[in-house]
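First chain written, first letter: the chains are A, B and C, and each begins at residue 1.
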């Protein structure tokens, strides 16, 4: 048992190493374009954000349709600090994390009294209002109003032989591994177990001595922190923020990523991140291809596919791809075991 | 032919089996009572007849097998169920409660006459006709629940603990009117009661349930006078 | 002063639309406990349909009932086909399905009709009348039509047997089944009616906000605010709440402008309208979830 466990751990580290090195090597060898490297980075960024939402919705059972707001706060904190205050880009990550934790915690406090549909409603309202909040006149000096802020992608330090896309991939990758590691340990701890206890049975959890209000609010904060870090990374590697990039679409994308990837699953969060970016980038082309090959009189838009995928998934695979794979794997093992 | 015939009835709440083997039959025009301790399966039996729980076994109403029918269709066939806890529409007025119960009827003039009839049985409801049902007293709500079932013009009424939580005087009045309904409107009744003495006075036939099965049955007068049965099953 | 009256009057007009949406939301909520996040997009889709019929040569007053009826059918089928099988599913699944519906209706409108803004002519004659300095003919028309619609709905629920059956089914589905009411059918009917009411709201507001797939997002938020202010379990309250929110929205902007003019300090203006709605939503939800006119429901554990 112990040997199997340490074997798995070595396997995991090996896999991570390959995932880190392969794209860089591929890009160095000219097999992968810089654009592709950026796409991979964005997938990882979204994986962090989906993980953040999963901590709140998947593990703690609080439904949020407004996590795009925290993504926006993280992105803007990073952009404003870099652009207006000339802070080094890396220093903005912890600041974005802290700001989003506070914002999430504060939003979580009133939201504590809300459950299920009501919380979804409050966060939905937040998601719709985000672009307007970002355009608020008194913030214009900082946020650049409707125009937004343009950034420049940082170069690799210490004369590392990496271009900025490759360098950012390394950064994003390392940050993501760290944050997933923290999340896993958190979920394995007492706090993690109380999170899930509250989701599964709030009343019983409180009789077990779990401070529900405090735990929920802190979960909200941590969840927002994750999404905020993702937002900050997104701003840095995407080199641009503007109010209208944070419409309700972001919140919905994260929700879709979580549901498609896997609710309450770390691996599912990774899949979800990949899905969000793939859809964002390739759904247009895919949808066009689909409409053409089916000879439809209209051009299908990506959101149609989103919507249909969501509804079908709720019916067919309510635990997302990760859950579906796990179930499939279990069935295969049982069959081969017999 | 029996009006209601139940054979080998089993019922389930999720995975839990609540009825194991219940069989009984009920003659047209009669009053039959189901007796037994708490949790014996009396309420579940009534619910099973109306397809409100998952069941196996055979249920025939007027010769028709109804075990696969939906609640709505069983009710439309002439089964008036006065549920546990009365189940009045508390935000609707007394009048609206009664008219909602006549929703399925197409014979509007007869329904209007029936409305008048139930208000004659329960004159207090006539005084409360515009009042919200939630503001009625417990006894009045029970009367409303019975009236509502009557508005369906049922051939069979299922009554689930009509005496529950009511003062003895009110209970006596309600049972007196139930007898009248049985005699005048020719409505057969299946009565579930905690209060066995009361039920045996009204009923002409009795079945005793224990942990989801029928353990004995007989004419009400026989059951009532059999001290052994009373002591071991009915606890008085 | 004149401006103030103007603001209140136009708030009333917007409020009529919010009231319709709020009512649609409440109609679904009372019978299913679901919050229909796709309500706004459904209404938007209906408005496009209405435009399409007018483009094909129908007059507005012919197109509107046709579209309302189509929307009714769409609502019924959404409930029967998509939501019915999920009636025991966890909240997250339901919310996800609504978001899926939102995405589908939103994108289908874009696919079919494009994303460029379309003019939607007002169906009301542009005449001058006493007081027309305060409120335009289209705004008056909006208020009158919605009030008529609300009145008709009120009469339907109050005085028709089927309206009564729908109320009974929403309130106590178990008892409703026990008097032979087909509860499932009543839920589907409720969905259909809600979609039809939303369609009327969409078609009436289209001339004001112009027709495009995003037109309903902010209006839906106000609908939510209205429903919550009035009490999401109370249809009458939702209507009142819609009007209250409509007026409030304009008053906030008005006094914001006034403040800026007199002191030079800008706090709030037209640009912050959605923020106002958001604050209303969150405040009501946290301080008085039952709203002004709703009653507290006791949750069984």
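Here is the rule we go by: a contact is a pair of C-beta atoms (placed from the backbone, for glycine too) under 8 Å apart; a residue touches a chain by one contact, two chains touch by 3 or more.
Just so you know, these numbers come straight off a predicted model, no measurement behind them.
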Worksheet item: If you tally the C-beta contacts for A-C and for B-C, which one comes out higher?
Response: A-C
Response to the item:
Taking mean C-alpha coords per chain and comparing to the overall C-alpha mean, nearest is chain C
Response to the item:
In whole angstrom, the CA-centroid distance of subunit A from subunit B equals 57
Response to the item:
Between subunit A and subunit C, the Cα-mean centres are separated in Å by 32
Fill in: Whole-Å gap separating subunit B and subunit C, where each centre is the average of the chain's CA atoms
43
Practice prompt. Name the residues of subunit A that each touch 2 or more other chains.
Written response: none
Worksheet entry | Touching residues (chain side subunit C, partner subunit A) in the complex | 33-35, 37, 82, 85-86, 89, 91-97, 99-104, 106-108, 110-112, 217-218, 220-221, 224-225, 228, 266, 269, 271-275, 277-278, 281-282, 285-286, 289, 301
Fill in: Residue ranges of subunit B touching subunit C (in the complex, touch as defined)
50, 52, 70-72, 75-76, 81, 83, 87-92, 96, 99-104, 148-149, 151-152
Discussion item. So in the complex, the part of subunit A that touches subunit C is made up of which residues?
Written reply: 57, 61, 63, 65, 110-111, 113-114, 116-118, 120-122, 124-126, 128-129, 132-133, 135-138, 203, 248, 252, 255-256, 259, 263, 298-304, 306-311, 313-315, 318
Response to the item:
As the complex stands, subunit C meets subunit B at residues 161-162, 164-165, 167-168, 171-172, 174-183
